[in-house]
Amino acid sequence: MSQTITFGEVLMRISPRGNRKFIQSNTVEFYFGGTELNVGISIANLGGNVKHITCISDDFIGNTALAYLNKFDLDTTAIVRSNRPLGVYFLEVGAVMRPSSISYNRSHSAFSEIKPSMVDWEKSLADGSWFHWTGITPALSKGSFETLKEGLLLARKKGMCVSADPTYRSGLWNYGVDPKEALTELLHCSTIFIGGINEMNEVLGTDFGYSNDEFIEASKLLIEKFPSIVKVFDKIRTSINSSWHKIRARMWNGKKFCETEDFDITHIVDRIGTGDAFAAGLIYGLQHYDGDTKDTKAMQFASAACALKHTYVGDVNYTTIDEVLRIVDGNVTGRFNR
Amino acid sequence: MSQTITFGEVLMRISPRGNRKFIQSNTVEFYFGGTELNVGISIANLGGNVKHITCISDDFIGNTALAYLNKFDLDTTAIVRSNRPLGVYFLEVGAVMRPSSISYNRSHSAFSEIKPSMVDWEKSLADGSWFHWTGITPALSKGSFETLKEGLLLARKKGMCVSADPTYRSGLWNYGVDPKEALTELLHCSTIFIGGINEMNEVLGTDFGYSNDEFIEASKLLIEKFPSIVKVFDKIRTSINSSWHKIRARMWNGKKFCETEDFDITHIVDRIGTGDAFAAGLIYGLQHYDGDTKDTKAMQFASAACALKHTYVGDVNYTTIDEVLRIVDGNVTGRFNR
Amino acid sequence: MSQTITFGEVLMRISPRGNRKFIQSNTVEFYFGGTELNVGISIANLGGNVKHITCISDDFIGNTALAYLNKFDLDTTAIVRSNRPLGVYFLEVGAVMRPSSISYNRSHSAFSEIKPSMVDWEKSLADGSWFHWTGITPALSKGSFETLKEGLLLARKKGMCVSADPTYRSGLWNYGVDPKEALTELLHCSTIFIGGINEMNEVLGTDFGYSNDEFIEASKLLIEKFPSIVKVFDKIRTSINSSWHKIRARMWNGKKFCETEDFDITHIVDRIGTGDAFAAGLIYGLQHYDGDTKDTKAMQFASAACALKHTYVGDVNYTTIDEVLRIVDGNVTGRFNR
Amino acid sequence: MSQTITFGEVLMRISPRGNRKFIQSNTVEFYFGGTELNVGISIANLGGNVKHITCISDDFIGNTALAYLNKFDLDTTAIVRSNRPLGVYFLEVGAVMRPSSISYNRSHSAFSEIKPSMVDWEKSLADGSWFHWTGITPALSKGSFETLKEGLLLARKKGMCVSADPTYRSGLWNYGVDPKEALTELLHCSTIFIGGINEMNEVLGTDFGYSNDEFIEASKLLIEKFPSIVKVFDKIRTSINSSWHKIRARMWNGKKFCETEDFDITHIVDRIGTGDAFAAGLIYGLQHYDGDTKDTKAMQFASAACALKHTYVGDVNYTTIDEVLRIVDGNVTGRFNR
Amino acid sequence: MSQTITFGEVLMRISPRGNRKFIQSNTVEFYFGGTELNVGISIANLGGNVKHITCISDDFIGNTALAYLNKFDLDTTAIVRSNRPLGVYFLEVGAVMRPSSISYNRSHSAFSEIKPSMVDWEKSLADGSWFHWTGITPALSKGSFETLKEGLLLARKKGMCVSADPTYRSGLWNYGVDPKEALTELLHCSTIFIGGINEMNEVLGTDFGYSNDEFIEASKLLIEKFPSIVKVFDKIRTSINSSWHKIRARMWNGKKFCETEDFDITHIVDRIGTGDAFAAGLIYGLQHYDGDTKDTKAMQFASAACALKHTYVGDVNYTTIDEVLRIVDGNVTGRFNR
Amino acid sequence: MSQTITFGEVLMRISPRGNRKFIQSNTVEFYFGGTELNVGISIANLGGNVKHITCISDDFIGNTALAYLNKFDLDTTAIVRSNRPLGVYFLEVGAVMRPSSISYNRSHSAFSEIKPSMVDWEKSLADGSWFHWTGITPALSKGSFETLKEGLLLARKKGMCVSADPTYRSGLWNYGVDPKEALTELLHCSTIFIGGINEMNEVLGTDFGYSNDEFIEASKLLIEKFPSIVKVFDKIRTSINSSWHKIRARMWNGKKFCETEDFDITHIVDRIGTGDAFAAGLIYGLQHYDGDTKDTKAMQFASAACALKHTYVGDVNYTTIDEVLRIVDGNVTGRFNR
């Protein structure tokens, strides 16, 4: 059995309905998310076999999170419990020119106090063929960085594919490690890079611009510096405003450059987790397509999955394989399924 | 008193709020609908006198459906009750490129087991001047087909106008009758055809394309084959995506062709029942306009009513005559009514 | 791994909030339930390993039901899908002297059309040590009766414990089999009888009254007639009104009679599934207690679980082992857990 | 066709859910009510043929009120519209020892500005056999008093039964008429008196106490003073607190005294409109029972209907004839209807 | 301490969620608003010190309104209470080509019966430096007109800035005063005019068109006729439909003309109170900007505040100074705040 | 102006509606609370002038908390902001024999990191005449203990009344200070002791039982050991189950013992904050009653306020002085306020 492994924090997201601020509300909705979990659930919803590894609180909130993961049929057997609370984030969703706002309560959460000794990586990766990580995990705490590193080293030793989404968020990384150095260590265990110019400049210390030519150049340099990496995938978002975006993707797979057309997302329902939906679609695509056009098709699949996520409220992409393929086939008019 | 008669199944529609899937929800909203009922309520909301004939369950769900029909002041005195359950459909509303999905639980419903002996057509049509039917009813069961046929034969005998919306839905028609033959019988009792190229091709066995010229040609052939039919009205939908459509209409009334401008429906609230709103507007228009421009005006009225339905959640068009006329007069900017 | 197996229909329950009727509502809540499933989830919530076997619709409603079962970490791998709809029931919850009302839409559901060939019993029972069935399943259709019978025969052959809750509901059993005969066949495969005087009179053709003495007499006769049965457990409900019940239990285990004190449930939240909670508590108790007092303790555990279910909305008992044990220990004052 | 006529104000009731105050809420529920309307709908829900006469606003709120009345299949053809707003009342529901609070916004409402010329009583009462009025209507304005008086005079002339519920509410009666005089005029047109010691003392100018003996004495005096009145019915409420009441009834029908047992309403859902439910049950009972025990049976029916109303949220008694008869038959344990 | 004073009615707004009509709903949301209050709260949310003066009902609805104002930290110490009800308005929000509809119940409200003697203006304006009024207040009743006039005379005597938004609404002004004369009196106490061609034509008795040249000419004439007025600001709305507007502003400050670019508001959440948000932004801007570009910057600030209000449900602009400045700086893409 | 000062953490409470667990929910309600804040708001709702001092997060959650406090017209001018998140607690409300459960996320909250230097006590207490503290604050962190101590020392120096509710919660006190020593220091600054046998035993190191005699003895010893304390008030709760409690109070004021009758709270809406409501009622009573019966009356007032809090959802007692006095006067039947 060939499992995709995701490792990262599970956060409880709390937000008022629609476009309300908290100050306008007394009822709120809650979901569970977290960038790596979003990728995991997204792949499971497409039909993949996914194990998510994390540390959650040993209380009724943790139980609720666990039931949420089980609902999507994730393998939750490697999850550990702690007496620290689950991390929480509060979200106010914007509209038109008003941006969304997020406030985190995660700095002493169950996950941020994880330690390498708490995860039995040998057992956890027993059935694993793919490992996905992001730049959020090493940014949270020394323990989460080291636990991840231990997992990645074993994953590479076992020859697993490792996809990296080294998103750099400057508000994190408060525990005394240099982000560039930490990410460098982790990228040396990775085979697929999911990120854009900003992420490449961050780890390369370069200053490339956003053109396709510079993207190719940066990708080549990245692959040179991190020889385990073989492909680079980038998702580009154009924001007309908070409610209307356009999405496209491009890639350099070491041999050729390719890019997709824009998806025009005229009425955004929820923008959270759309990058994770891209990563999930890409991983699923790379696992299932074959032949010469494999990378291109995977990227198209990923773009469609990403576009569809904008129509689901919550962190999670509820989209199914049929919905994605229909979009990939060019059917974006949304005619009824009966 | 001159009554419009509608005959068809009443379904309970159950759907999560907004664009949610069932898997994301634990609260749902319910409405009652059904294509012929939607037409009937729509006409009643415009001020018409409407009797709806159907068979509903003899339980609290049937009572709730009945109260729903009464609320719109429909004449419900000819409704019969059965110990079979009311049909149900589940709807997940899409957004942008994600299509809406429907799942039906209607195959052994109260209505599908209706028999001609259960409706007293003489009494039911006593005050009737117009009868509207659709292609859904004959597709459900032998009993519903035959009950409808009996009603239509009497309606024509009494000289009533009969409007037909012979929507062909291939997922139905499972009881062993040939759709084309059944529809042919029923169209021979009809005077107004509401449908497009697909519907005409279905009953004519032809292969016309979508151009205006082919529409005219098809209409002429239809009228030739079904001499009771005197006018053909067609509603054309252009889908930018699930959330953004354009609507226009065209007609051939035996003498002239006419078409309307597009209505641009940029933010769809609910797309269900919009075709029924067109039919209702058309019937109401044909009943109330006079003179040379009667057909054109009725079609414009119908298009405006159809466009407005996209702004109401539920199967039913809550629009009033004032709202429609304001749109017909070209006022689509939506300035306040105080 | 020792699994408890439950087999039976999964129904979608739809009901207005609080004590509303449908006619007062336009928003409703939905849950999934079904008597055997309720037992299964209840055991899983207590910490048991449970596999539920059923047939559900192959649409988004079926997917939602499946996610619901997964949420409680049931083993859903033996579930089959069908193109028939999931059964639905509508519930209006009463209050004080107003009774609750139920209306079913299940007669042609996915489950009612199950056939023995659709379930691979050998594989499904591979890890099974306990099988629980109820009188609802054989009452639905010939297929469901025969599929159950096949499963029970194998279960007994494998030496599994088989608990029977042969609830007799006269509104069902419409497919031409004699209830008494069918239940007799199934009881001959059973080891634990969960039921009261009514159920025993039904299968014995007797007319015992409700006293403890007659309960003992009836139990002895039952055990005589069905030698595989070794213990009889009965739950007794005293209704002050719809909102206030008292619950107690009694048993005859072949050797001794025992009964519990009344639990006084002064403010009922939801009465559905409380009998199933009793059965689940009993099974769990019989699986975990030892020694002389095993049966008595299991019955006390079952009564407490049953009482607690009255405080949870929905079909399912969300109660945990800690909550039950606290009640068993006599702590019914509901002081805070911090 | 024999119609029951009710005449009185339709109010929009707005209240937070459950036991919340407005200051705790930003979502509220709305219903329509009014004491005479509540009686009318209650009778219609029992199966009676009811016409409600009133004056409502000519705006979308009035349309919504009208649809609400139609929903219960009331005859709304005699309702008049005005450019004044519909009356509104705000309700905060108490609990335990906290009382409910009401705030009215009705003093210049559509109904309070009704004039005798606005109602065509001849036409309105054409099919009428029973007229019900309450002491609220004459208390609102000169116009409403005079319009009611005109209707009652005609009702008596036509020999209709007239039931009076002359509830005296001192906060009203602000338009310069003496309540006692006005009620005296109206009671001289009435045949059934629904009220207790307080109401009799008010119109008789007496000071009777609450004992059964004094009730009989007061009733005799009332019948002596108002010879058209033939029967007196009284409903007695004992409040343990806001959430728990007991209800019983007594009567003097000119020949004999009779009283019912207490109904113990342990978990009140909504107390508004319970007196109206008693009146409605009484009228329905008097219309349908025969023989010597007619009055007693009607009173028992009325008490049961009143008790059941406490289980429905809103002003309206949703109870059906079956529910009432079941209670009358002594079945108050609230066992399931399947 | 330098306070901005607003004076005007507080209304309770009641509306169904989303785009529903009342006839589709049984749950509604409520807010408090009123044009001058909206301006006051908007300024407070930007950080200003605001006192709102009004008369509200002395019941739990009035208490709720008061708590609402306190929530935004308004100075409510000058508010008076009355035994009349608070004014109410019902709102149905349109969509696309369907307009929103409003129905008022305010004609005998607490505020409309205010009298000059009820407000202690000396004390109320003690800390005041700015007074804002609109054309709604003098339109309601003689008392509200005269109370306002008294306040404005004192405000001018104290040398306060007085901004006037003389919105003319013909449905009001029913108490026998000539609108033009009343507004003229009040404008002679004002220093800033916030209004467009329609408002200027109304008070000047002219017939200017909408071009910028005519706007300048009209402004010059206005300033000539009302010498206390020194600046004119106008907000221009272009409605594509109910859901999509464009907003821009222009001004004449006695010396120069200036106008802003259009803001494109593609997905309107709530259009109520957007004019008030413009006035509030303008007042705040004029109070905080300095130098040559003060007026232009204030107008840009006002336009951005107005545009942002379209994204908040309710009458009130919840926008903060940071959100406005971000838009003024040209950032309308709505990227996340983390 | 004579202000009551409260000092303590503001927590966001998040809980599912009714009796649901989180695992059953996806919508939750939020409130703000905290034991000292609850006392403060309760006093403000009774009409008192209250200043609450605390440290809250400097984000939109903190803004929402601030608006919540402002809503009740608390003086919030001494509140400080921090870049740490606001504390959160999750609550699942039980029913009948099921207890409520709480899970905290407060250990690194904004308040727990408060330091004495952050509060300007001289300025904050300028108008203060009463200071209320509880045992939660010193239990949270060294900073909160020391900040409180500094405030209390000043309060006593100024001769303010100081009420102490030294609730001992063993789950807190994790920062290395001995609870008994810390509470001893703080009690030496206090004048009124609100607590029972457990609290007295904790600080006295004794082992008194629950009888009235032992209560008096313990109180005498307490007053001997803490000479600043002059009165002891105790609230006694008898739990029938989670939904039904009885409440009474007793006191020793140095001269006499007195106790109240039980309040029977048959249908609890929300039990959180009821102890705080007792303290608030007591403080308000002691501030407003005079003469010999002052203490007894204050205790009766406190008991009634406490009983009423059980009818309000949320942490806060929304009860008004009129509601309390009505109960004190013996009116617990909850008849309507119109």
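Read from first to last, the chains carry the letters A, B, C, D, E and F; within each, the first residue is number 1.
By our rule, a contact is a pair of C-beta atoms (placed from the backbone, for glycine too) under 8 Å apart; a residue touches a chain by one contact, two chains touch by 3 or more.
Listed by chain with UniProt protein names: A, B, C, D, E, F = Sugar kinase.
Worth saying up front: this structure is predicted, and the values here are computed from it rather than measured.
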| item | value |
| --- | --- |
| Most distant chain from subunit D by Cα centroid | A |
| Chain pair equivalent in interface to B-D, over half of contacts matched, among C-F, B-E or A-C | A-C |
| Centroid comparison with subunit C (C-alpha atoms), farthest chain | E |
| Cα-centroid distance, subunit A relative to subunit E, in whole angstrom | 45 |
| Sites on subunit C at which at least two other chains make contact | 21, 23-27, 67, 71, 101, 104, 267 |
| Interfacial residue positions of subunit A with respect to subunit C in the complex | 67-68, 70-73 |
| Contact footprint of subunit A on subunit F as seen in their complex | 14, 21-23, 25-31, 57, 59-61, 63-64, 67, 85-86, 88, 90, 92, 101, 103-105, 107-108 |
| Of subunit A, residues touching subunit E in the complex | 18-21, 23-24, 94-102, 104, 169, 171, 239-244, 267 |
| Footprint of subunit E on subunit C - complex, ascending | 24-27 |
| Of all residues in subunit A, those that touch subunit B in their complex | 71, 263-269, 307-308, 310-314, 318-319, 323, 326-327, 332-338 |
